[in-house]
Structures are given as structure tokens and as C-alpha cells.
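To keep things simple, chains are lettered A, B, C and D as they appear, and every chain counts its residues starting from 1.
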Amino acid sequence: MSFVGYKKCVEAGDTVILFLRYGHMHAIRVKEGQTFQTKYGALRHSDLIGCEYGSKIVCPRGYLFILHPTPELWTQNLPHRTQILYSTDISTVTYQLDLKPGSVVVESGTGSASLSHAIIRTIAPTGHLHTFEFHEQRAEKAAEEFEEHGISQFVTVKHRDVCQKGFGLDHVADAVFLDLPVPWNALSSAKQALKKEGGRLCSFSPCIEQVQKTCEILRIMGFEELYTIECLVREFDVRTSSMPIVDLGQSPDVGQVGNQSAAPMKDNLGQADASKMEDTTDSLKKNEQTDAEPQTKKVKTEQSEAMEMGDIADSKGNKNKIDADSASKKPESADAGKRKITFLPASASDLLGKIDNRNFVFKTGVAPSQMPGHTGYLTFASLYPI
Amino acid sequence: MNGNIISEGDYVVLKKEKNIKVFRVHRQRDVFMDKVRFTLDAAVGHPYGTMFEVKNGKLLKLERISLTEEEVTKKVAGVDNRDLHDLDSNQMLSQDDIEEMKKSGESRERIIEQIVEHSVTFEKKTEYAQAKYIKKKKLKHLMEFRIVKPNARHLCEMYFNKSPAKICHLRGDSLGQILTYGNVKSGMTVGLVDSCQGLVIGAVLERMQGSGKVVSFHPGSGSTTPRPILDMYDFPPDVTEMLHNFPLQQINSFRLETRSSQPVSGSVQQVHSVSDTSIPETGTMVDENTIGDKTMVPNTNEHNATALDNDDAEINTKTELNDSKDAEGAPDDACGLRQDSTVSDTTMDDSGPLSNLDNKRKRKNRKAGGKSEAEHIEDTKKVLLENKLDCLIIASKFHPTPIVMALIDFLAPSRPLVVYSQYKEPLMDCYTQVREKGGFINFHLTETWLRQYQVLPQRTHPVIQMCGASGYLFVCCSIKQT
Amino acid sequence: MSFVGYKKCVEAGDTVILFLRYGHMHAIRVKEGQTFQTKYGALRHSDLIGCEYGSKIVCPRGYLFILHPTPELWTQNLPHRTQILYSTDISTVTYQLDLKPGSVVVESGTGSASLSHAIIRTIAPTGHLHTFEFHEQRAEKAAEEFEEHGISQFVTVKHRDVCQKGFGLDHVADAVFLDLPVPWNALSSAKQALKKEGGRLCSFSPCIEQVQKTCEILRIMGFEELYTIECLVREFDVRTSSMPIVDLGQSPDVGQVGNQSAAPMKDNLGQADASKMEDTTDSLKKNEQTDAEPQTKKVKTEQSEAMEMGDIADSKGNKNKIDADSASKKPESADAGKRKITFLPASASDLLGKIDNRNFVFKTGVAPSQMPGHTGYLTFASLYPI
Amino acid sequence: MNGNIISEGDYVVLKKEKNIKVFRVHRQRDVFMDKVRFTLDAAVGHPYGTMFEVKNGKLLKLERISLTEEEVTKKVAGVDNRDLHDLDSNQMLSQDDIEEMKKSGESRERIIEQIVEHSVTFEKKTEYAQAKYIKKKKLKHLMEFRIVKPNARHLCEMYFNKSPAKICHLRGDSLGQILTYGNVKSGMTVGLVDSCQGLVIGAVLERMQGSGKVVSFHPGSGSTTPRPILDMYDFPPDVTEMLHNFPLQQINSFRLETRSSQPVSGSVQQVHSVSDTSIPETGTMVDENTIGDKTMVPNTNEHNATALDNDDAEINTKTELNDSKDAEGAPDDACGLRQDSTVSDTTMDDSGPLSNLDNKRKRKNRKAGGKSEAEHIEDTKKVLLENKLDCLIIASKFHPTPIVMALIDFLAPSRPLVVYSQYKEPLMDCYTQVREKGGFINFHLTETWLRQYQVLPQRTHPVIQMCGASGYLFVCCSIKQT
């Protein structure tokens, strides 16, 4: 029952997720006597049996966590037999098809059964999934997986080309999902499979030409409320970042034009912290004077180090102490002792970060330079009773 | 009673393109849509999904969908717009002329045809521009809509289009992700904080259909807060009975209790017996309309004070009266009644006579009534002591970090924590602090791009306006603390 | 010369931009003796003449700024005769077509001349724009505008259907821009117009079908490096926002489970500020005790007010003092005097905002609920010498 | 010399799909691309835009582009993938076999044909999968590229693909926006801070083509910082002569000077005479390769120390030697040589003999040389005193707020301030503080979604991977301060 109900401890035969670190997971099926090689060394399956899900497992060269399988973790770790749907599209499909316990769903093709697991999770224990796959091996493998995952009672897998032979289902389904190269050939049979009181349909296609043709036929066949979307997820890397404050030189007229780098918000101080602010300004000023012309080079080196270190990524999945002063621990920085973390509260800007040793330090969620640009178009439609 | 037939007392969704409204079906009670007044009487007995039209103030089943764009499009069409000139006088029928035709009982087809015939530029428009023109005119002048059953998708869309602030700008795709990443399913125990007027609670209950438990943590000290959207889901009793409530204001002291009395969990009574104490959410509902966006927090307290002092059947009936009024008021409000305020008043006024059906329904749901607020809370405590949570969902107007910190210890190991926020910064704070506290892995902070497409022959493109704000989602997974 | 060179003061005949506030601008041509009605009252043109660009102009019921025209401001304020290209697409077109002073460019259609102004700005004073428009009125109006804007020497406007009659240009252009319903009909003539040493081409189309056909013909005609993109700008509203801290109740065991709402980062204090942190915790505790059970309602009321005020939008274009304490100024809040702004420095989280009177206050850039979802597809291609 | 013909001494761009490299054309000097070594000698005299191939280590003009996907695609193709099985043994030719064919001088067409014929699954693939397969194999096994002139677009693309950190992750569309929103055009006076190794300075100069003035404010105290990308633009002297440099470390004291001596501006000499002092940027270039991502700041000082002490012709020549080495090294580095380090070494080694042409060119550019660093800076000060800036552009690795605050007073009224940053938070800070300071209106903080499409018959869709990070742009407009 591992995919439709949680249990506390690992038993032989369970599919479990090994979480090594962010982005490094494996799905394995626990079998007494077997061993699984991780990058942290060998892991004996028997050591997992009886462990509580969520436990930390120590390996020869590191540790990992053993997680309870979910359709989402399975999607991230399943063996790819085809392109698969990922959780962003899966959640959209599940939501837009109004799936819930008791729903009867028709799916083709089964593919790698990524979506199938999520559908079964949502419609169990009272619903049923009819899934169709034209590639024989894939159909067999999927059926095997459902069996292993304890969910075979909620799903019927058929090896069949539904575009040619149809689903062979009469008015039983609340929803139909199509991921086919030529989905329009399956629409007539899909309509036949939907309940007489109506239902929802989704067609997933990577190319717009498929969508155009599908929509055309959907309209002809009396489907309504056509809704074509794309759903892209953008994941942020949350990290403490910093940008150095450039040296704008000194000016005797500090209050007027000078020192803006160190205390740009001086005019906007809240009354409560004005005194603290003064301290800050002073301490920065002191630093500046000590590090003046002859020592400029050293100051610069630190700056560029800070730039290098600018992105102190809180490496994912590991606790990572934010050590705002880590730069000063480098041996090159002789004047580390002199440093002081300085806060500039009060101005609106201190809501965004703080000035720390001539760096502007801030928390940011960095957008990824590479992200999914396209998975496929999802076309939804409703069939209503006539 | 067939669940698929529109019945008296049902909450129903009226869909007219992007305009979505929820009403409760009462005989001879006026409802308003697009400033048109009608009653839903004629809808009773038809199956859900039926298309209706309002003609001369009467609701009728629409036998055939009015002529499509293609049907009206004339044979004569321009090739491009080189000969078009932008003038106000392009349409020769005045608004008054059109209203006159409607009143005289002119058919829909005829009205649209007339509008087309009186458009000076129609023939010079390209074929596609003609179709677009007709669609626009149809939507404006014809009152055709479909009646469907309420569900998470319709309710979220309705609120997101009309009053997104009331549901923390929670977009449908983000709601779908909450349910998916929360691994919400039948039979589990869900903990959640919902500042979205019950939208998220309802979406979770919908995915559980009567099996499992949901503990809703609400702000304040009382037994619950008003959740008008939850009512609109129109759940049967076996679904609403899954819901248990717990006031956040008591969470710290409860956590202390549990710490000192940890072995207690085994000794408490079977939790199943708790279920029949529930459905407090309808009883505690207060007038949504008078509050507007001011949210439920202050009013909760008002109400709770009452509930504490007068916990008896008579008061319950009185509350129901209020409730039924709100049941009209709240949906109307969400349906944009603030735009046409005259209508709002009317709807408010006719809350007087309560149908028997309505009363019966409510009574049945609350047959176990009479439990005090304190008892309700004690019952929920038992649920929390019995079950570790299988997922924790926060979709709150409050800063999520303190809430998350107070509740994560209730989460079982290897389970998802899902936090939604309209803003990125509070979630980054939450992300950072959960990581610093430890006990969680697999951190994800995401936003979603939702792009809709117009797919029409020779006119396929993404829609011209999109929503740039999906809100943000923070998801991670608990581990066993050692 | 107002569109290709800056000048200091307004003269009669200048086109100027009146900036009333964010999103509220007008473009007017200054003519002695005329009056322009703004929402702040009547503005006499003669009052503008001689004013320095950038000056504040006082009107009967408000003030506005008079800005020097630029192609970007013109794009935002021009009279629409057609759908126009906006600055995001314009900048992409200009950049991708490698435009610079001296470039010879061919454009069709001229439309509302939004792009034309930007092209002329970039290629002047040594380049030239040949722009073609099949709608006679529009062509005339564009020519008029170029004259009025002092840029007519850089542009030739022709009323012509280039799909049927071609550009009539032989190997003179560095770049061709097409915004036509059937762009493929103009491609052969566009190729003829491009210089023999090669050049760049861009076709803008709202619909994918147009793009598909255009790309097909471009390939047949020997254009290379086809590159189809969409460019969407997402504008953030920068504001100070806040979320209330929910009341989690009191607990005698403050250090353990209690007070996490007020001091969730207690365990992670930097040494320097631990004492300050203690103060903070204390002061919040005091508040809590004062506002205990009997006064709960009042506390709640404040919270929901804060929620209402959550978005203290720094209204655009106006200086707006951030008044973090404004909620307490409402008459209902009797205990305003007791309040204290509290900072929780030291934890990473204080980089994101601060706790202020049981609100988490932060700066944020709010994504727009409505933004451009699509303008058009831009297809670029290179023609190389054979 | 025809500017459109590839000539010795030119910087040239080699484009092979997404792989872009910049080299300087020297006779008998080896260059590397995709681990293939060749010389550019044979390219000299051909027009820019010509397609070349490398065959047996020799560069040849490609007479006809190698067979297209459609030409190779066999008539036999599968309908779908139902019969495909994923096996390693699907390709029966080994990598060694293919290398052997290449060495034996087999034609490109023949090699691709062989690969196709030895693919077990090729015939079962769909027509589209076949085309995709061939394209992939072509790119892998054939060395065909085009030589084009460097410009902002090519240089930005090259760096963004290979070393985005060196250009602050400035994406081409954002660079285009900087130029557009800055209203950059011929004849204006531009102030800018460029931490993108000269990419932005070059893009601005390109849009001005010799008319106007550009003041580049650089970190440190010296006359300039290394800007390897600027060199790659290969600008003629009249363009580079527009460029003036000013050290940010002197900005505060200069602002103070200007304050006390405001009327000076009228009395300084005509600024045009300043122009022939310039092109310091090539002279001050230091070894980019040894620094890598460490950026120029520390090394600037190293260099400046030298420059200060030894400001004479001999040192200038020595610097040129270094420079020329870098001219090879820097582009290679940017072109991803770090991936194939063996090549990197080779390139570094062959920096010895400097062509006469190279020397002559440099000398010519620096004929007015001999001016001291202090004199250069004084000249730039005159520019700043004469002209208010027509736009201020900041694209910096430094926190933008202090820089913006120090420079905005130099901006004329009704002119754009354009600040780019990889991060949103520093820009929000800048936005907030500029607004608090006053003197600006029309604030915009934006990011850009750039979506690329594959447009092929029956296979049109957005490309599968996209860049989610455009960086952020803050734009506002100055007003006259009263």
C-alpha cells in the first residue's frame, strides 16, 4: 500500500526513496540480501528493513535519508521509458480534471507511468484508472510497477493502440487524459468512454500543430470550454548574496557628499536607532582611514574575494550556518580582527539587506539560468450532457 | 435524490465565460448576474451541466447553443484592414435600439444579426475580425450560462477573477500544486492553516471524500473562523465531519501540555467518536458582506464570545438564520456584486423567510450539537495527540514562519510541508528558518508561469493578457529527528 | 531635432511629454496660443516655451513635469492608428538587427510609427529608414509626424502594398523589418532590398501560423540562423509590505516553545546583538501580557488593520515616506503609545525584513496580476553573401 | 582596405551554432575550436559572412553547405516509436571508426551517410527523429562555421553562453534594453559603469559610431581597468576616441571640487582636444587568463602601480606584448577553453612573436601617448564639467546604490537613469533610495522573459530549455531640481 497510504517502517518489498542530497535521489525496491551502491558506499537492503521512514542511514562515506515513496518522488526517480510528465504538469492535470477519490479515469499512453501513479493516488481507494499503452514492453513494465507498489487493484493496464482500436469503454469515465502523437484519432473513442452526464478531457502535446488539430476536432465533436495552457515552474535558489561597496574615495565633507557608500540612508533614520547608526558610520570610517591609500591593494583584494564569495549558496538539503564573516577567516586577510558586522536599521533599505564590512549582504532567491522552457501544451475540454 | 440533478438547497455555479457566480437554489428568490434579475426555480430538476438562458427575465433551458461565430460570418469579408477607418459612427444601432429589441422579445439570433447588419465596417473586416466581433457582441447582449456543481476549480477561479485578495491571490494552478505536493489523498491526516476563506480546506476535503482527518488551525481563540467558501463546496456530512478545528492562540500552551504528558496519546479515546461533534463552521459563520475585505479575525472574536455564553439549541437556530443570509450574501459578494451595488441590497433584504429544507439540512448536520467550544477543542486535541500529521499546509495571510515553527513538530517524518504565500520574502524567511532549525530536507521555493493560448484556425497565439503573479510555494520534506 | 538630439529648453513646435504621474502622460505639440486640458486643469502652451526640459509645471489643481521626447516616451503616448510595438520588442528588434548610426533599414508596415521613431533614433544621423505602409491615411500621418519631430531627413515614407508591389529597393539595406499579415509575400522583395554582403531580417507576427509559414519560406529563400523568440516584460511594483504575526498564545516555558512568533530566530543570534535581542523579546512579552485574554479583541483588530494596510504601496512617481507605524496612529488603537519598533538583527532572516509591532515588514517587488501575455513572435534571420 | 573583407589583425567571430569564439587573425598562428586545431590564414581576403570548414587541419571556404537533414532522411521511416527499444548497441560504428574515416579524408556527406547506415534504429525512427539525429551527428562530426564581424550581439551571446559570470549574467535582450531605455544614440554624452569587461561600453560606443562622448567610471584609483571585451569590438580609432575614463575612487573629491568651483565649467578648454589622449584600455590590459573569474579589481592596482612608475614608450611596448597575448587568451577563455585545458596551454604558449601589423596598429592608436595618468583623468574631468550626462548606465558587480547616489548629480534633467543588476534586492534598494532622495520620476523595475521557439513543420514548440534569469533593470527619469 506504499503509494496510497503512509506506513511507519520499511518492510521487504517496499519501494523506498534514498535521498543523498538535493537533486541526488534513488528509488530502490527493498529486497533482503541485496546491496545498493551509492556514492557514499554500499547500502545493504536488510539494514533498511524495520527503519522508520524519514530516518538517517549512515553509509561508509556519508549518510542519506530514507523517504516514504510518493508519486512526486517517484516521478523524480522512476526509470524513463519515455518522456514523462513532471509534477507541475501533473498537478495541473489532476486539478483541472477535477480528480478526487472515486473518479474513473482513462489514460493513454501509459508511458513511464509517471502520471499514472499520481492519478491513482488521487482517485484511490474508490476510483479506477484504465491506462492504455501501444508499446508492449512498456505496458508490461507499468503493470509490474503497479503490482510492486501495491496499487494494482486501482488500475487496469492494457496494451492497445487506442488510435486504431479505441478504448473499448462505454460511458464509465469522469476524465480522459491523452498523451499521444496523434490525439485527434482517439477523441471519438474518448467521448464514448466519458460518462453520459459529461466529463473532462485533457490532451498533452509538445507541438502546437498537434494542439491546433486537436482543438479543431474537439470543437467538431462537441467538446466545450477549450482551454489550452502551458505551466512552467521556476525554482529559486535561496541564498545569502553580497555585492561589494565600491570605494568612492574620501571627502572631508562627509555629511554632504562623502561616505554615501557606507551610510547612504543616513537621512532617513528612525529615531530609536540613530545612535546605533552613528556607531556604524564611525566604524566604517575608521576602517577607511586605516586602509587608506598605501593599503588600498589589500582592501581591494578583500573586495574581490567577497565578490567571488558573493554567492554563499546555502547548499540545498544541508544545514548551512550563515557565516557572514567567513571572508575574514581567509589567511590573507590580516585585518580580520578589526572587522565588525554593522547593521544599518531604520531606513526602508534595511528591509532588503545590510551593509557588512563594505558589502551589501542580502537574502535573495536566484532565478535559474537554465530552467524548463517547455514541456508540452495542455488542452482541457468539457463534455456536457446534451 | 440524484446528486447529478439540480435540487433546491444546492449551491450551484453559474458560468458565463469568465463570469462565474455561486448561488444557493431557493424557490422564488431573485438572483442577479450581469445586472439581470431572475430566479433559479426553473433550473431545479435539470441535470448539472445544463445550459440556460434568461429571456424576458425568465430562466429557460437553452435547447441549442446560439449561432456560432462561423454561422453569422458573412460571405463578404475584407482581406486586410487597409480600408478601415476608426470612427465612432461605425455601429448605427444605439444601445437603446438594442435594449428595445430585447424587450420586444426579439430572438437572440435576430439581435446579433441586426447588430452585424448595422455595423458599417463589418463587411470590410477580415473574416477573423468578424468572428471576434460577433463573439464580443454575443457575450455582451445574450444571457447564456451553464449551471455546474461547485468544486475547488470553479470556486478558485471565481474568487481569483473577482476578489483575489480574499484568497491570498491563490491561483488555481498553485492550489493544484499545494494538493499535489502535499500528497493529499484519502485516508490521511492533514494539518492546515487557511486564510483563504475555506477555499483550501474545501479543496483538501474534496480530495479526501470522507476518509481521513483534517485539522484546521485558525487564528484567534474561538472554535473556528468564518469560512464562506467552504460552505459553497456543499459537502455532504460525511465529508465535513472529517474537519476538526484548533485555535492558534492555544497552540503554544497545547504544545507545552503534550510535552509534559507525552504518553497520554495512547490513553485518549478513539478519535473516530470525535467526528460527530463537528460542522462548527456553518454555525459560526458571520455576515461576510458587512466585513468585506476586513477578513475574519476581529469578527471571530465577536462571534466566539456569543457562542461561549449561549451554547444551546435556540441560539443555534438563530445562528442558522444569519448563516443562511450569508450563504446568499457571501457568494454574491464574491461574484462581484460590489460592482452593481443595487443588486447587493436586494439580495441582502430577502434573507427573511428560510425554507424548511434549509433548516432541515442544517439540523441534520448538527444533530450531535450542544457541545461547548471547549469540548470541540478538546476533541481536536485528541486527534492531534493520536495522529501525527501526514502533511502540513499553510496558505495564510499571516507571516508563515512563526506558524510553521509552531506546527512542524506535529508532522510525522518523511512527510511534506507545503507553504504558500503571495509574497516571496516571507517564504524565503520561512525557508531559511526551517533550514536553520533542521529536521527537513529537499527544499524547494518556486513560482509558476501559467500561459493560456488562443487556439483558433490561423489565429493561434498566447492570450494577450496574462497573470504574472502565481504566488510562491515553499515545499520541503520532514525527516526523523534524532 | 527633438527626437534625435537633446535640447535644453522647450521651443514652439516641439513635441513634449507631460508627465502627470506614473502611467499618466500626454504627448503634445507646443503651439503658441493653444491650451491643453489636463486632469490638473488647463495648461497654456505658451507657459511651456522657454522652460527647461525636466521642469515642474504648476497647474491649477496640481503639477506635472515636462519631459524631453524620446522614442520610448513617444511609444507610450502616440496616437494609435494600429496595434503598435512596445519598447521591449523594439529594443529586441533594434539589438537583433544590429542597428547603429549609418544603418539603412527597410520597414513595412509603418503602422503608428512606434518602431520607426526608435529605428531613426538609432541609425541617425548617417543612416536612413525606408518605411512602407499600405494604408494611405496612415502613411500620410506618419510622414507628418516625422516632419513635426524634425526627423524627416532620415526617413522616406511610401504608401505601397509591398506584398504585391515589393519595396522597389536594390541591395541598399542592412536590415529589413516586416510587420505584415502575410509577411512571406514580401520576403522575395526583402531579399532584393538587402545589401549584397548580406544583412538581417525580422518579421513580427502575432499568430504562430504566420511564423510557421514565414520560416518555411525564409528557409527556401536561403535565409539562415532563423531565430524565433518572444520577449515579455514583467514589471515589479516595489513596495513595503507586511504580514501580521499570528497570536500563538502564551506559554510559561518561553524559551522552549513559547514566543516563537516574536523571536523565532533566537537560537541563531550573532554574539554582538544577543543583548539587543533579549530586549526585543522582553518588550514583546510585555506587550503580550498587557494585551492578554480580556483585551484579545483589540489586539486582533489591530492585526486585521495591519493586514488591510499590508500593502503600503509606495505610490509610483511620488515620494512616499515609509511610515511603519501608521497603523498605530488610527484612533482605535488606544495602546499606540506602548508600541516600540523592534528589530531582530543577527539572523539571516533580518536580511529579509523586520518584525515591527507584531508585523513582519518587508520590501518586496510585487509581480503584476495582469501583464502583457503576448505581443507577437519575433523571427530573425540572416542573409549571407553567396 | 575594405571593411567587409577579413584582414590580418582583425578580430573575427567564429560561429558554429551555439559555439562562438573570437580570435584575432594572425598568419600562421594556431587557433582551436571544438578541440580542432587550425590557422585562420586562409580566411584572409574572404568577405565576412563566409562559411568555412576545417578538413584535415586546413581551413577551406565551404562552397556549399553540407547536405541538409531533409536530403539525408531516408524514405523509410517509422510512424511512431512503438517498436523502438533503447539499447547501447543501436549505433554499430565506433567512435574510432568515425575518427578513422575523418583521417582518411572521407567527405562529410559520406561520413554522415555511414553513421546513418550503421544506425540499427534509424529506419524505425520517425521522419522527424531522423532529421534530429542527423543534425546532431553533423554538429558533432563536421567542423563547419561562419566567420562574421564582432559586434555587441555576438560578443554578448558568446560570453553569456560560456562565462556569464564575467558579464554579470547580462543577457542580450537586457543589453538591448539598456541601450534603448538609455536612449543611446549618436552625439550624446553617456556616463556608465561597466563591470562586464567592456561589453556594455562597447555596445554603447557601437550605437554612437564616433559622435559623442562616453565617460566610463571604473573602480579603483587608476586611469582604467582591463576591458578585454571592448578590444574584441575592434573599433576604429574615431570610435574609441570618444571614450574617457574616470576612477570612482576620485569621485567624491571631484564632486567636492565641482561644488566649490562651479563656474569653472565655462572656462575649461574645448573638450574635443581631449580625444586624442585616449585608447588607454588596450594599453592597460592585463592577463585575463591568469585571473580567470577573479575579476580585475586587485590586478588593476597591480597594473596601475606599474603604469604610474613607468610611464614611457618602452613600457608601453612591453604592455602591448602582454596585451597581444591576452588578445588571444581572453577570447579563448571566454570561448570555454577551460573545458579543454590542453588547448588553453598551447594558445598561451604561442604568444611570442608579435606581428608587425599588430605593433603598427597599436602605435598608431597611441600616437599621442605619453600623457600621464593624472593628465588623462584631468581631461575626463573637463568632459564632465563641460557636459551634463545625457544618460547614466550602471551595469556593475558593485552594489549599485552608492554608485548611483554618487553619479546622479551629473545627469541632466529629463534624462534616463538605467541600472542593471543580476539581483533584484540591490536594485530594489537603489529604487527605494533614489525615490527617497527625489529628483526622479517614472520608476520601473523589470525583468524579461525571453522565450525561444523551434519552428519546424509539425514540430513547432518553445525550446525545451530556457534561461530563467534575465537580470533586473531599474529605469527612471531625472527632473530638474528646484
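Rule of thumb we're sticking to: a contact is a pair of C-beta atoms (placed from the backbone, for glycine too) under 8 Å apart; a residue touches a chain by one contact, two chains touch by 3 or more.
From a predicted model like this one, the values you see are computed outputs, not experimental measurements.
Peer 1: Relative to chain D, which chain's C-alpha centre is the most remote?
Peer 2: It is B whose centre lies farthest from that of chain D.
Peer 1: I'd like to verify one number: the distance from the centre of chain A to the centre of chain D, where each centre is the average of its C-alpha atoms, in whole angstrom.
Peer 2: 33
Peer 1: Where the CA atoms of chain A average out and where those of chain B average out, how many Å apart are those spots?
Peer 2: About 27 Å separates the centre of chain A from that of chain B.
Peer 1: Any chance you could list the residues of chain A touching two or more other chains?
Peer 2: Where chain A meets two or more other chains at a single residue, that happens at 208, 230, 234, 322, 348-349, 352-353, 362-364, 377.
Peer 1: List, in ascending order, every residue of chain D touching at least 2 other chains.
Peer 2: Answer for chain D, listing residues that touch two or more other chains: 424, 428-429, 432, 436, 447, 449, 451-452, 460.
Peer 1: Should the pattern of chain-chain touching be classed as line, ring, star, complete or other?
Peer 2: Here the contact pattern is something else, fitting no line, ring, star or complete shape.
Peer 1: Under the touch definition given earlier, write down the residues of chain C that touch chain B in their complex.
Peer 2: 81-82, 134-135, 137, 161, 181, 206-209, 230, 234, 241, 243-253, 256-262, 264-265, 267-268, 293, 296-297, 300-301, 303-304, 307-308, 310, 347-349, 352-353, 359-360, 362-364, 366-374, 376-377
Peer 1: Hey, which residues of chain B end up touching chain A in the complex?
Peer 2: Touch list, chain B to chain A: 4, 47-51, 146, 151-153, 172-173, 175-177, 179-181, 183, 185-188, 206-209, 211, 390, 412-416, 424, 428-429, 431-432, 435-436, 438, 441-457, 460, 477-480, 482.
Peer 1: For the complex, which residues does chain C have touching chain A?
Peer 2: 208, 240, 270, 272-273, 322, 324, 340-341, 343, 345, 348-354, 361-363
Peer 1: Quick one: which bits of chain C touch chain D in the complex? Just the residue numbers, please.
Peer 2: Touch list, chain C to chain D: 4-6, 19, 22, 52-56, 65-68, 70-72, 87-88, 90-92, 94-96, 98, 100-102, 118, 121-122, 124-126, 197-198, 208, 211-212, 215-216, 226-236, 238, 314, 316-317, 319-320, 363-365, 377, 379, 382, 384-385.
Peer 1: Would you mind writing out the residues of chain D in touch with chain A in their complex?
Peer 2: Touch list, chain D to chain A: 80-82, 85-86, 164, 169, 219-221, 248-253, 255-256, 259, 293-295, 297-298, 300-302, 305, 396-403, 405-406, 421, 423-426, 428-429, 432-433, 436, 447, 451-452, 458-469.
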